[in-house]
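You will see two complexes here that share chain A, one where it goes with chain B and one where it goes with chain C.
After this line comes the complex of A and B, so read on.
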């Protein structure tokens, strides 16, 4: 156990290091091939003077000579970047505001979106998967299967847009007319996020973000349940004369959840990308919207800084999950 | 000698050519299975139509999507312009037809590049094992640690100046997409490495590359081939999302994703069709590939049956 924890920690440090290097190399390569990014700062209309270019290049650390040699990994530059990251400096946006401050301010809202997202995965994914397994080869099984294939093929942005206009504008408009503006339902069905009701107005976008992941979780839950229903310990439980409900919940469901919980952890990475679109379209002041706006405004330093920060957090989070696994499930043994 | 030859000649799941005997191999069995399903026929028809549209848009419309006349702005659908005109007075049917090409091209090319790259790297890792495998597996971990869409956003945001081609998109999708195929083939190659037919081929003096690509690969490719339609659908989805964010092809080019993105404000201005039409075309593509992919995966992976 102790050795496993140490090994996993070292591995996490190495992975973070290499992932940051990969991001650094991609950025350097693009500067080496495409030329000085300082021009982007001034937009297409203005021709900056040499002095202005020099100041911007210094600010964004793009004045290093290795950025002119195509293919050079720019290791010394990378070490500088790592040093700045270690001090919490993830760069500045084009208005010289530190990226890290903005991210810290925005994290609570992103966590809200993910709370709803994970709750949807747990309730809808596990519930539907269980239903499909219990009603195997019957109508509801086929319906759930077709539903997961089709909903998994709908891009997140279309789902968010559909929900925004159908639920937020259309149904929400009717609710606001009939129940008044301050009714809980009227608030839930608002077409965009509202700072005054940070939880209620995040429910719909959270569900929209969860749709793609729900499809995979439902399918895995179904397979996992089917495997367990046929297993010896469930047959024993039935033979002992336990009630159907107890066999299903205590003996089948609990065992089926292990791979599903792993998949929920893995799906979070994919949801991070979806959060950019969801938060952007629903005006949620979260980290995703920060990236969304930065992309729209050509503010590349933010994109690089935030993606690096998010990757570090994501890797630390997977490390935590892995360590929790080792504590919670004694059957997991590592060589 | 004769023993090894018979083993080599009939590996367990080799593609058996339709011969006089009625024993079907994995591929022809899968094909027979698929041919009977209505879902497969409908989806294949939709996909073929979309590919035809993408390849020869001028067969379907005589109009030029860039021929925009401001005096026809928001013109209603008519016999002359089936989908009406957008806010700049461009023929919306022509735009939708020409918008198919980037989606389909990116879907097909990104699938080809990720699967070829993934297959080569994964088979090298699985076949040689040892430190080669360790290095490649760690590399896969590193690439997987960066969420796919965020990675693609980063690449496209910094390569933005590259201009009006599909290559930056394909590069972004390939850099972060190859790991899936690599992991699958690595697994298949590790399984196959110890089997008798591989030992037989080696003892006959076959070179590593011959064993890998002539002997193991045909037997190990079913799991990865079964994922091809699903991958095409997923890359079309990714392309649309990235175009929607403004990271896809640049303005003179028309894509479904950018058509949807540009017309979001028009929904409440009373022109929802400008958003719904490209969305329906996009959905017909992604859903067809997903349904076909599901059937193909079932047919090629007997374990799931």
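After this line comes the complex of A and C, so read on.
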């Protein structure tokens, strides 16, 4: 197990390094092709003096001569950037506020969204997949499978918008009229996030974000369960005179979870992207909304800083998933 | 703790020990497939006493594994369906028991060893967990007690360094050791009847002999009934007391092991015996049985073996021969048994 963890950690460090370099190279290339981004700071309204441009370029680290040579990977610049990242400095936004401070402030809300998201995957995805497998070829199986096709086909932004109107406005409106504004249900069904109820008002958007991933997880869980239900070791478990419930939970579920955990890891990447839109549309003050607004205001430093952070988070997630994988499957541990 | 410990004496009511340990009567198992109904087992009759070894022999797909799984009650239903017959355990018909009682007979009264121990053991649990589970779930033992019992079992099946190996996973064991674990698991609750479905097929020849010897030893010691399912007559020669030969879902010959080897009464048994490679047959071409067993959804009318049989006459294709007594206790399902016996 120890060797597996060390090997996986080294891989993660290398991947983070490569991902950050790619990000750095793309940013450098865009500056090399499009010219000095310091102009963006002045918003095109006024013509800045050379002195003003120099100060801005220096502050955003875009003054390096390599940025004038198209195709130059700007390695020394990259090392500087890595050094600043290592010190927790992810740059400043156009109003000179450190990106990292704002991110840290917003992280708890994003974590709330993801907590709901992962809970939905675990309860709905794994639960429905199990149910469909146990009741295969019966009505509930067909219903669940039809549901996964529909929910898997609806893009997150569309689902968030639909939910905002259907649940937040229609159902929420009815609830607020009949139960009062402060009823728990009325709060849950609010069409946007509320700082006073950071958990309750994040439930609906969290579920909306999870829908697209749930479809895949449900289907994979069903297939994986069916494969295991027919396997020889389940037959052995039955021959051991164990109860149906025990055969299902101890000898089928755990084995079936192994591929599903991998898919959950992959889906997290998609959900990180989806969170930008969901948080933006639901006004959740999280990291995603931060990027959502930054993109709308052309605030490139924020986007680059946050994307770097997201890359690191994603790789940490997948590291966690790989370790979980080893916990579930002893054959991985001993390889 | 004493109140929690369950024994197996309270599982089945009305056991009559004067009746055979296991008596299968006219067992019928069908599979409902897209191509129609496949009669996997079509009227099997046999019995096993305590301390006795019955070998069920036949080619792949002849219904021998299905028979054993029907006795255990672990067939996937659907597609399988036990369409008729009785399975008496000391006079109690297992097929009519309530589901939960039936479940508790498994491992307690009738246990099973499967063919490929690597896939038959759960890859994600340790050997100790899979063994101990039996004691914890059936006997209500604590983890520590169950572990102690599991160690005893591993010693019984002669797994060296059991103390260390108990916390290992199936993939860390060799094929022979894994099969020993399987056997330990089947023996855990001291069953009256053990069904071994091709227990040595996945193993090296040298290991095969060790496993067979181990099974025979334990059976003799515990006076269990043993049903040995195999496609290899050579494997059963020195351990079986009697043999039932199956073909296309039916038992075609039933006799003591010596009779079968000395003078088979059914053309199929004769052909099977001739296809065992012999040391003194060096240089001679190995005999094979021409053709293939019939597809179970389309068993030809009359005797199912007739298309591959050297003795077949037009009458064979008209009616199904029943399993008739040939001589002192041996039975065969062939219209021309006398000819077959004379020809050996």
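Just so it is clear, the second predicted complex is superposed on the first by the 317 of 335 C-alpha atoms of A that agree within 3 Å, B and C clash if a C-alpha of one lies under 4 Å from a C-alpha of the other, contacts with A are read in each partner's own complex, and residues count from 1 in each chain.
Here is the rule we go by: a residue touches a chain if its C-beta (ideal position, glycine included) is under 8 Å from a C-beta of that chain, and two chains touch if they have at least 3 such contacts.
Computed from a predicted structure; not experimentally measured.
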Considering only the touch criterion stated at the top, classify A:316 as touching first (chain B), second (chain C), both, or neither.
neither
On the A-aligned overlay, A:328 touches which partner chain: chain B = first, chain C = second, or both, or neither?
second
Between chain B (first) and chain C (second), which does A:149 come into contact with in this model arrangement: first, second, both, or neither?
first
Going by the contact rule set out at the top, does A:254 touch chain B (first), chain C (second), both, or neither?
second
So which one touches more of the residues on chain A, chain B or chain C?
B
Could you look at A:166 and tell me whether it touches chain B, chain C, both or neither (first, second, both, neither)?
neither
Quick one: is A:184 in contact with chain B, with chain C, with both, or with neither? Answer first, second, both or neither.
neither
Using the superposition on chain A described above, determine whether A:26 touches chain B (first), chain C (second), both, or neither.
first
Classify the contacts of A:231 with the two partner chains as first (chain B alone), second (chain C alone), both, or neither.
second
Considering the complex alone, what residue numbers of chain A touch chain B?
14-16, 18-19, 22-23, 26-27, 30-31, 34-35, 37, 149-150, 152-158, 161, 165, 169, 269-270, 272-274, 276-277, 280, 291-292, 294-296, 298, 300, 303-304, 307, 310-311, 314-315, 318
Using the touch definition up top, name the residues of chain C that touch chain A in the complex.
69, 72, 74, 76, 103-108, 111-112, 114, 116, 119-126, 133-134, 137-138, 169, 171-172, 182, 185
Considering the complex alone, what residue numbers of chain A touch chain C?
230-233, 235-243, 246, 250-251, 254-255, 258, 328-331, 334
Report the residues of chain B in contact with chain A in the complex, numbered from low to high.
138, 141-155, 157-162, 175, 233, 237, 240-241, 244-247, 260, 264, 267-268, 272, 275, 279, 282-283, 286-287, 289-291, 294
